[in-house]
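Before anything else, here's the structure in question.
Letters A, B, C and D mark the chains as written, and numbering starts fresh at 1 in each.
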């Protein structure tokens, strides 16, 4: 057990506080021989990096990653590859403004983890939220970049599908659009709307929630470890562990409660080599905790940023009542930057499940079986 | 890592197939000195037991639990108590009708785990779903009964809050009603409606989904182990691991995506000994992965039973196409019996988090701190 | 973390007390498709079974194992195979004489775990040592039989190499002899001597210690997970966890402290396909925590049975002084029956390391590498 | 499971190679509120630091530790304390001479892990042994310093008790001597002898093994988690995981095999508050895997350094035969610097067991029990 680790054969341990000298992680269990240089990781960190536009916190962090261990030149190719030993990744903090937080040193911000960290530990690094800051998710994105190397044939993409009460139009879904707007939104029209909408939220000193969808394609049937290491169970844990996430669903999710058995079950026809062709994907690619070979579809709900300029009632650590306004630099919709984080978490879960499957089952049984 | 275990300091390992000689579990890490007899467990198993009314599978299982280890007479009181050693619980299967399943020996039932077990393992016990049967959840309920002993002051209750598209009226919520109707429904009027509604579903040879809500009261602030052992993350994994569950949410859940920061954050006033009184509970009792002291509120969506009498298109393990009708004895709304299972899973997570908290933090810091 | 489990991908959880209704274990992570019937396990249990001759406890236990889950008929062959789901194994206790233990209900037997269980848990099952009884090792032997199926090409054998101060003559080592005498002794002459020697010990109401050696042949180079899952580290933990074991060594073991670097290092010459031929095996088949391909050699020291007829000074749980004589049925040299237990533990460690290696590294890199 | 982590509630993950930019570790699960500054760790690192005298490798490493996370100023005292979040410790490598290792880039040094890393991973960082270098143990010593804070009342000390075939005279054991000679030797006369003896070994271009003893005093009765988290089992794993260790024993260890039951069992008399006074400590402070309250005594054997100037036969990774002389800077008796490492490992195991015990059993039962 480790409170700050996740995964099993592919195991990630993160560390660091928002305003400490650095954050980072140790990625353990990565197979040897995979090409890995810092740029392979940086490209994903850059997607999550703060300060890129007015819809993100204005904290300026380069989020430059350093690989401290676990790679070496390959004797054959001369290129840098993983060695099977732990990969330590370090990201230095460079733009802390701890003074911004002096005012909330003793006060508990509503919706934040301030009070519970004190209730649990009796001491906390209040600067920028300390360990509970969303800054920790940079380590996850870095680890996710390594995970992607392991399951290179699996395509893992995320998108914002709802902001506040406004859902995108799924008929207009275009993955190409996702990187063309500041919201990771796959619907160009919705993205234009969000721009105006979120400007309003931001200017009002408020914030708003969002729903993110992650889709992983090309994972074969058979990944997942029932009963308590189910693929969907681990995805749920991984996504729910992201800051501000309050709900997770797979495939139809909560909508499945409204369906009849005949409407929800995905019928099968015979495809290549007798493998099934599913006629629908209500299951979101997971049955019995095991991947079906269809796209794995997960969604998660992110609550609105708790740090807002509107005054709220609270107490301080001495039990004194006060009114609080959270200054500092914050995301008006923290769900946006949760997109690359969600992708990374799903990548880590899948890489881990792949290795575990390979460990227990090997290359897997032949299918369909000889008649 | 164990695929069939969950929890850390309080750790449960389950085993058994639907039509094998027995199912059961080993509960490891239970503290010593807790009174525990078979009846303490049986009372919860009886709530989940099949065959009690027409809204459940007609399989007749007594589900009698035997304690095989881990208890002994207390030298002081003479009563039977836990000893700190593993508690093995055995439930014999007595009403298997394996012949019912000969017909689906080679065919993959849509919505079931049949295909993926074959794809993963190359062999499976097809009788009654084997390991993937909801029968496995009896072991969870048994373990949950032990967990409740550890955190005896925490009140954990569950209720069915939605069946198909029909939500209960929360204004009529009455916990007393839950055990008075066959649906664990806290709204008497809704329960009457569900009776007619589910009869219609059942007679049509169909099935329907449901949403369950679990509420845990009196857990103190401070339980939960950030970052990757967060209380809500572990509840999400635990609930998502239950058969047929497709979504999990905490507090406002997916509705939080629609809220503004000021509407979602739970304001605080000063209460006893300086502890906070929260003015709302949008967070569902968890912030930053740690309990706030407010009721912990989790909901999960259960898909409709996949075993239905309506014919569906499928294939068999040789890749041949066929049409399938699932006979046998099934729950028209498997979400109903998921209520005691959900309670048990939350009980296990909380017991585990309590022990882990006690391990790392001890009895906890004084609060509020001396000024 | 589980106090009563060991292994990772191949994971065993044991339960049960000496005089409870049953003992047993759950074996999780066993790959699917391996032929497994009860006789495959019984054959190993029979080697460890008590009451077979006068050099063992006279407790009469059939130690009949039942497989409760995790196996099913193979669709191709019709034979029973593992399914990849947890294998629960049950061994009922049938010859408890709990009355023998009434006298020591409150008294702490020197050298036993009586006092420490009370100091830790405040309650204990005193009958036959309860959970701390060597009876628990039957579960290990059962699990070891499953482990052997996974790594069928690895030959794992054990032998008693020392009893009291008397070491066997290694020049006379003959594996064939091991099953021909009641001591698992590979030296026929030594076995004859031990018969007379142990009779003397037994008749004096005393007991004596022993040293056991386990040899695993044909494990390929590459198993073991540095740094903290080293093959030798895990073997050490596994063997030290056996009742009464006080020392473990690999290869030269403690004798390595006396060697020079040039005498200890195993030189290499080029063998088949460029693989090394080692000119010696001081390392005992493990370097840097990874198998070398040479035989893996581990030894462990078993202390003398603490239950003896000679009176010893002790106290009871009320702090009162007393003199104690342990009646009941005991092994005069518990090290003898530790031989099949040691074999089983090494088998479990190797099976686990094999699966973990397969998970992280796959089928392994080609070797030697193309020039 | 993590190959590069150890411990459970107190969990340490190490990373880094001998000639990479840095080594370090993440310490997870440390309780909050413990005073911790870099000097608390540095003092232990300095004991293990290379280059301090002619009996150590001449590599000059300052081994300066940086705390990257997990500490903050205490609101009461203003002093720096642990916060309950992960403590990342970084030690930069500053005196690598990688060129020394070009010669052995492709050759496998006998007694080293070179060959097995290649056999396992197919790629390795050959510079200074890479991950398999004893340099990794600096991270253990740093973690051990944190562990000591948790169990501050437990006194953990180590000493070299044998070098080559030469054992110290236990009648002359004086803990004060340990830090007065370069061998951590508690026998002043033996230390003087070792100086001459090891000079001879060193000048001959050879090396020699050693035996180390670790003693932990003042641990209360009750620590240890039977059956598979036994205190002695975990100490065995921890010590065996140290580079070059080939044997571990507790209390009498292998000598227990030669003892009779009456000579080996530690008799008890009644002491304060009815607690036992043991008349001997053959058990080495552990019975049934649980601490007895007596000093915990563990010994481990360290093989001679494999890197020697004497030529040895070997092969390279292409299967070609060669003769090898290991240049570079090496310890003639690597067992010496294993003393602080062994202490650290025992400290980590005890801290972990303390937290686990506190978690499962709480503050522990009263003892002796009311009559």
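Criterion: a contact is a pair of C-beta atoms (placed from the backbone, for glycine too) under 8 Å apart; a residue touches a chain by one contact, two chains touch by 3 or more.
By chain, with names taken from UniProt: A, B, C, D = Chorismate synthase.
All values derive from a computational prediction rather than experimental measurement.
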| item | value |
| --- | --- |
| Chain pair with the higher count of C-beta pairs in contact (A-B, A-D) | A-B |
| Maximum centroid distance from subunit D, chain identifier (CA atoms) | B |
| Separation of subunit A from subunit B, taking each centre as the mean of its C-alpha atoms, in whole Å | 26 |
| Distance from subunit C to subunit A - Cα centre to Cα centre, in angstrom | 44 |
| Centroid spacing, where centroids are CA-atom means, of subunit A and subunit D in whole angstrom | 38 |
| Per-residue multi-chain contacts in subunit A, two or more chains | 1-5, 8-9, 14, 29, 32-33, 75, 84-85, 120-123, 131, 226, 317, 356, 360-361, 365, 369 |
| List of subunit A residues in touch with subunit D within their complex | 1-5, 8-9, 11, 13-17, 20-24, 26, 28-29, 32-33, 66, 68-70, 72, 74-75, 81, 83-88, 90, 106, 120-125, 130-131, 317 |
| In the complex with subunit A, residue positions of subunit B that touch it | 1-6, 8-9, 14, 108-113, 115-123, 131-132, 136, 162-165, 201, 206-211, 220-230, 232-241, 243, 246-270, 273-276, 279, 282-284, 287-293, 301-308, 310, 312-315, 317-321, 335, 356-357, 360-361, 364-369, 371 |
| For the subunit A and subunit C complex, residues of the former touching the latter | 1, 8-9, 29, 31-33, 75-76, 84-85, 226, 355-356, 358-363, 365, 369-370 |
